[in-house]
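The structures considered in this document are given below.
Below are two complexes that have subunit A in common, paired first with subunit B and then with subunit C.
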Partner chain A sequence: MEEVDVNPTVTNIPAIRHGKHMGFAWGPEDILVYETQFKASGPSLSGPGGSFIHKVRKDEDIHSPILRKLFNESHHIFVGLQTIKEDVPSKSKKPQFVSISRNYRSVIRACMEELQQVAVSTKDTEMATQYGNQVSILLAIELIWNLCEVLFIDAAPAGSLLLHLLDWVRLHNADADEKAKDVLQSDSPAEHHHYWDVVVSYVLQGRLEEARQMLAKQATRQPASRNMYKLMDGLLSKMPFYNPGGTQTLTEFDVKWRNWHEEVDRYLKDNSFSSNYHLELICKILVGDEDALLEQKELLSTWYHFLITRLLYCHPTVKPIELHYYAQSCLTMFLDSRSVQEPLDSILLAAFEFDIYLVIKDCSIVLNNWWFVAHLTDLLDHCKLLHSHNLNFGSNMREFLLIEYASGLFTHHSLWQCAVDYFDHCPELGRACLELQIERVPLDTERKALKVLRICEDRQMSEQVRSICKIMAMRALRNNRLGSALSWSIRAKDAAFATLISERFLQDYCTKGTFSDLDLIDNLGPAMLLSDRLTFLGKYREFHKLYGEKRFKEAAKLLLSLMTAKIAPRSFWMTLLTDALPLLEQKEVIFSADQTYELMYCLEELTSSLDTAAPGADSPMQEQDVEQTKVELLRLSLARNLAMAIVKEGTVDT
Partner chain B sequence: MFVARSIAADHKDLIHDVSYDFHGRRMATCSSDQSVKVWDKRENGEWQCTASWKTHSGSVWRVTWAHPEFGQVLASCSFDRTAAVWEEIVGESNDKQRGLSHWIKRTTLVDSRTSVTDVKFAPKHMGLMLATCSADGVVRIYEAPDVMNLSQWSLQHEISCKLSCSCISWNPSSSRAHPPMFAVGSDDSNVAYGGKVQIYEYNENTRKYSKAETLMTVTDAVHDIAFAPNLGRSFHVLAIATKDVRIFKLVPLRKESTAAGPTKFEVQIVAQFDNHNSQVWRVSWNITSTLLASSGDDGCVRLWKANYMENWKCTGILKGDGSPLTGSSGQPSAMNMVVGSSVQNSQNILNGMSAGS
Partner chain C sequence: MKPTTSKGDGGAADTSPDIQMRTGCVSMESAKYVSLKISKTRWRPVSHSSLQQPDIFATGSWDNEDNKVSVWSIGDPGSLGLEDGFEGDPQLICEHKHDGDVLDLQFLDQERIVTVSSTGAVTIFRHHQNSQTVSVSQQWPRAHRYPCDDAPGTGVACSSPEIVTVGEDGRIIVFRADHEGVVRVIENADSSTLHAVTYLRTTEVLTVNSFGQLKLWDLRQQNNSPSQVLSLSGDRVPLYCVDRHPNQQHIVATGGQDGMLCVWDVRQGSMPFSLMEAHSAEMWEVHFHPTNPDHLFTCSEDGSLLHWETASPSERPSFLQGGGSSSMTSRSAMAPAGGNQSIMSAWLCGDPSKSRLETTHMLPSQTLSVNSLDVLGQCLVCGTDGEAIFVNRQVPV
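And now, the complex of A and B:
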């Protein structure tokens, strides 16, 4: 059977003149189009063609708040399904899979009911139509899913198969119950104009107990036909139904059923019901008369109802592999010249043919949203019903569909987090796709950025971590939030950027005399080691703290080590030496003689390098003078300190 | 698909390029009116123009964003034979309140003798680098070694392609298995001159770009070219806009360790579509590389998608119909499935289902 062919949809764009060139630009969730002219051969030829930019979107269900529940809840089910242990053989997991399938379906139904409520209650006719359409789609999806569950997942053998199919049809044919409600609530049910419709519908659905109860009402009204009604009641009560849990074998059931069938046929040929049109009709149905069944087209309303009814009354022991033959013929019989086979019909037919691939393929083509095919395929794959050796494609169909679905979620401001789990469970393609998409999540707030980061860190996506941190650091830097920029650089382990920001901090200090973001610098901890400049910044701040706490000796030691251990950049040495001045000028001797010698050495190193550097062609005379004065001052202080230190160290305390 | 919103761009002349930034929160447009406009997306989904300024002395053909790792940086190229790099300056607080920002020119790249037809930033792992191509057939690659000082750009490579260039595309792959690579398309209409698409690859040893491949089967003028995002594949996918839409697969052939020179490729054509029935002017991949869009002389934009069997199909067409722009620019038509008469009246079924289930 061929796959469904659907032509590409055409979307009209207003305000772009017909035939004019259309430029476009891809966005995360849309495509922008605008009128333009592509011949880049010179100045443009025409005036402004109305310069509008149009944002074109797919009909995205993720923007519907009700459907969002569907996506969220099915996400839970999906994750639960992935964690079922692999070691247990598939056969014993069947009840689990059926249960999961039912979970999915109940989520669909809950969503449908909510949509239906809104559709009914809204006053906006356009909205009502839209919601109504969505309900129809979900109905169709549930119908298909349910059938797939019966045929593929539950995979009932002959006997049970028909019973499950009966359930399926009953679930999707509520007309009978609607009418029954009306009939029963009326004063005289047996006289209601829908009475016989209800009875016949019950019979068509194999709900014989209810049919009998309904008939009893008619029987009491027609005492003259009492015998006929009694006969019918008898036939209805005696119809055998296969009991899968029972001791009777299928063959035994078949024999019993044939006997019953023959009995009904005898009464029909006997004209036992010929005086009552309705009872005779019921009898014909019981015997599986095709024409009689086809006459009930309106009550059956669908070819697959017709199929199941026909099987019920002609061949209840139908085997799975025989289904497609009956399905095709029922479809043909049911559709007259006026009706056309529609995509839904093709999909159901493919299911009856047990062509799983075709079902999935057709659903992918016909439906706008990947939700259904992605989750169903995933479930079928877990049931080991998909064999990937059929596919040429490197990776498999399941991953393809899951990724299509999850990619669609990524553009949503909250659903993107669900999407991550889907990628996680696609071992071949998932990671690459996730890496690509997670980088694009807009980092609107710090909180969101941290969320995204955690996801990347949990998965060791180091490049993405680095990139996101860098983006945040850059943003902070541009807005002059140095502390934030620094902490992002540290998180990115970006030494170069950390160096840059540390420089900025130090520059700021030089110009303003104070540090900003002290908290951050004070609590750097081991992160300090990321870059030399950062280490210096941290240590320099430590020096200031020690000084502020009047722990002068420690401060002095630290200050000296910054220069001798070459942690401080040469350009900063002058500042450091200037910082040393107040320590040198204290009454108490702080720097030891050795330390003073070292300081002097540093000063000399500094001044000699300054001298060899191009003699201040750039720096004005004033600056040079200031520098010179500083140096002089330092030399004096150092000398004085040295003297005091030598004396102190030479003195013996008595 | 439907038109969700229409933005009045307010350019005084034709728009030639529209470009989203990396996160899809900002947009840049450029026009024959010689200006560039930058738009910011507000929380309510509306676009606000936060900057508009004259950038060139001729039509501006393309505008493109650098990766946000480098800050807020744009590049533009123009008929006036120059390309320029712009950086956003964080303004005064009252400007911010009014929602305005300022962009200043960091550098002008004046090396081209003719109209600069395309400008593209290189993938971020290569640093802040961009390539321009011109009608004089030269591809120029510039680099800003100091990311904090965008006024310093140096011309690192000048590559003569011999044919007038119309478009350039960097291979976005950051895999270590792939050296830096770009593709150039030529719109030279002389069919005798052979392949109109050239692939250049960077060689670590020579520190130069050398030609790795010429697509000889593409003999008609090429108007646009686009590498697809990589997704961890070992091969490259390239889309080309020429007299039709073509998609090529470039499979790197295993190199012997001693072999010098660029990678050899096996070139396969994956798909070819002539649905536009006319010249195709633009091709571009969406972010996840699952959809390719093309625009042609027939005034349509077509969307192409491959299924899991790698069969390509057209999945949508956008067409201008010249209808007036109304307030409500269209309603979503929900999921497009023909459900038809097979499915019962929804209400009944729902009622029945809650009763019967």
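And now, the complex of A and C:
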């Protein structure tokens, strides 16, 4: 057995009395827990001891109404991603993947903003903390996703890599902007106590244009040091930035940047700014002085900000493969011995090391739902970044994570519909999972059943279609809605069940003497051919209709054919023959001689089979008598009819 | 005898099931995600005298642990003064818990909303516009039922103060608002499930069932049998929705399991007048535009919302005919020979070469079902299983 990566967390179930033993059962997403009467010594009693069953759930997020929007919206993006054509060379698909990645992130952001609003407006402090926690989780998710987008999906080369990383840091450090807003809204921004914080923050984030504008405000207040400010302004404006779209090569940029760097270093060395603490600090930052940077921990706030700032002012042409070296050293430098490395830090570090699998693995361990890892892994897989990483369980990692996520959705009362598309895009095990899950969706209404059926029919899951229709048909049958039941079995093309329902119709007819649900039986159409019994039911009803319309000849022909073509079940022959009686007794001859012979043959066949089957078995004497009289009557009528028919036919012939 | 166009029929190939959509997609405002699967959306009626656009709509949800009836506002179009008329998301005004799925929902009048539930209950909600709250004003629990179980109600039609509901139990029930009891029940009106009901005239209702039948019921008649039955021949495709032409009451449109749009003339024959390939899955709703009935809207389980536009032959220059017109085949034998073309509805124009029918997709690619739509004036609202509501304030009608 493999070792566990982290020790599992302990969850106390407060409802279980202290010292009692617990039993449990696995569910797809929850665990059912109950008290048992287990005793350490003596005869142990199995079975539950308390009267409650508790549901323990790992993933609460799925039940948050706001996060549901995340699930629904990302479902849409996911489906869009799957339809991107496989045959297009992956190079030209990169912009598409980047834009899909951005769509995912904007959904996360939208969700985060809504959660933040609710967290502020709610009066319940407990809820507020819960929302607050969710916000910080989403924040971390977005941060990781964005970094993965820059490093893996966009995969920017040296030069533009740093520009992307700068954007990443700026986006996730909103503090500077908030402070800047405060400062700029005050009466005299240059005197605001956060003024220098803002300027330094701008420089740390490489937002030099904004830093210069801020500095200009201070310069006008200190005419004495005007030259010094002018010098700094010049340095800031001259700092070269790589322009990926331009004609400049990376080497040319590097040379230019080195010249600038030396110039800044010169000014620092000849103490040009020594009279002004802040300007000297900025100058130190510009040359990438590590100690000066580390002094600004407050403003940097995170090690990865420190990393990017350090790269900006020391190694602006950093290559992707060199990142991990700087990342590791910055992390150690930034975190002093007291502070602990948090999971987020190691995930980001893994990303900088380009260890995609470690990123996904750590995220799976830390986060309490599969949404993030499933969607990110899927996107990375589409970018062809995951190479046949087979797990020793399930199929591959993408599929494993998608199925976990989708199974979670499936347990939800309403989100199960989204899950179907996820299963669809898991080629190996998706269908099997869907087959297992779809049958277990509770069907409260026909509307819901129809939707589930559509899902199954579109995927040719005939087994499931049959089972769902059968459930619905059985329910209709239980509620004595034969028509409804029949329409369900027709939909499933379930011949056996259609036969069963037809039997019920015929039974009803035999006991009541009238048909129920005529609107349906009269309009069976081609559906009649589904089962023999159903065909018989339809035809038999047709006979009654013809008879009712006094179209005796046609009725008689149909009746006879029901028996000779063996459509009618043998048990029903007596009823059919009895139905023939009034036709035989009509004044005019309806059954021809040949037809009468056939009728006689049918009667004999029936009586002989009855005789051999059980002569005087269980049926009471009275019933046998009735049967006997019926047969006698029939024989008499048949003989009379035969006589009339022969006479009539003879007359016509001559 | 078979209708001329039907799926699986040999003629299906030349009717080209994929209607060539002429425009990609009409701009629909962005989705509003509401964290509930929407089963019904309906505009609050506006008074006929004014040319006002609707601004309030109601939605019902289904398949959630707690279902709701919600009232939404899209803002007062007059007050904003923005030239593009684009005002952002619909805003939730108020909501009320609903027991069971909302399987149908209609406005009885400006203030009252009638729902039928999967529990079989029929409920009238009142929307108090002063306090912006919703409360239950009247309820008939278990109106639809089996002998020993609840039966889901499936459809409701209102002609204030009268309310007609149908259900899976095959019963038609007539209620009157503010009247405690049930006015009339037609037991066993159908042996299969009745899926939808609509008023044809004030005393006549039309129902559709799982067996592809339309039944006309004259509520003045005391016997419990339909005055007329129309049905699809061939496969009995279940019908799920029905709507009546607003001006010509004999014209009726239905949609069903195969996603086909059927137009019927209830005066003539017992078979559909024309069948048009529309959606690739169940059609859940069909609506004629209430004031411009040359336009029709349908939505489906396949996640699409279609806008159909038909034009009378005289209105179009002849060079526009031909290319691009969708497949519409009609039983030309049924078309009245001669007759006054101008009064005849374009929907019943028998000659396919003369009729022009254009269809437009109104939603961007969508995978989950569009369960309901409603159109009034220039405004259209629809709700989906993707838990989103879409509003379009500039429907080209």
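By our rule, the second predicted complex is superposed on the first by the 587 of 654 C-alpha atoms of A that agree within 3 Å, B and C clash if a C-alpha of one lies under 4 Å from a C-alpha of the other, contacts with A are read in each partner's own complex, and residues count from 1 in each chain.
Just so it is clear, contacts are C-beta pairs under 8 Å (C-beta built on N, C-alpha and C of every residue); 3 or more make two chains touch, one makes a residue touch a chain.
Bear in mind that the values here come from a model prediction, so they are computed numbers and not experimental data.
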item: Subunit B versus subunit C as contact partner of A:26, first or second or both or neither; value: first
item: Subunit C versus subunit B, contacts on subunit A by residue; value: B
item: Partner chain in contact with A:143 - subunit B first, subunit C second, else both or neither; value: first
item: Touching partner for A:65 - first (subunit B), second (subunit C), both, neither; value: second
item: Touching partner for A:479 - first (subunit B), second (subunit C), both, neither; value: both
item: First (subunit B), second (subunit C), both or neither touched by A:272; value: neither
item: Contacts of A:113 with subunit B and subunit C, given as first, second, both or neither; value: first
item: Touched partner set for A:445, first subunit B, second subunit C, both or neither; value: second
item: Contact residues common to both interfaces of subunit A (with subunit B and with subunit C); value: 444, 478-480
item: Contact set on subunit A toward subunit B in their complex; value: 8-38, 40, 42-44, 46-61, 109, 112-113, 116, 120, 126, 130, 132-137, 139-140, 143, 170-178, 301-303, 339, 342-345, 361, 364, 366-369, 391-393, 396-397, 400-401, 404, 407, 429, 431-433, 436-437, 439-444, 463, 467, 470-471, 474-475, 478-480, 500
item: Contact set on subunit A toward subunit C in their complex; value: 65-66, 68-69, 72-73, 75-76, 79-80, 413-414, 417-418, 421, 444-448, 450-451, 454, 458, 478-484, 486-487, 490-491, 516-517, 519-520, 523-527
item: Footprint of subunit A on subunit C - complex, ascending; value: 31, 33, 35-37, 39, 62-65, 100-101, 103, 118, 146-149, 151-152, 154, 168-170, 190-193, 210-213, 215, 229, 231, 233-236, 238, 257, 281-282, 301, 365-369, 385-388
item: Residue ranges of subunit B in contact with subunit A within the complex; value: 1-20, 22-25, 27, 29, 31-32, 58-59, 61, 68-72, 79, 88, 90, 115, 117, 124, 148, 166, 174, 223, 229-232, 281-282, 284-288, 290-291, 293, 295, 297-303, 307-310, 313-326, 329, 331-357
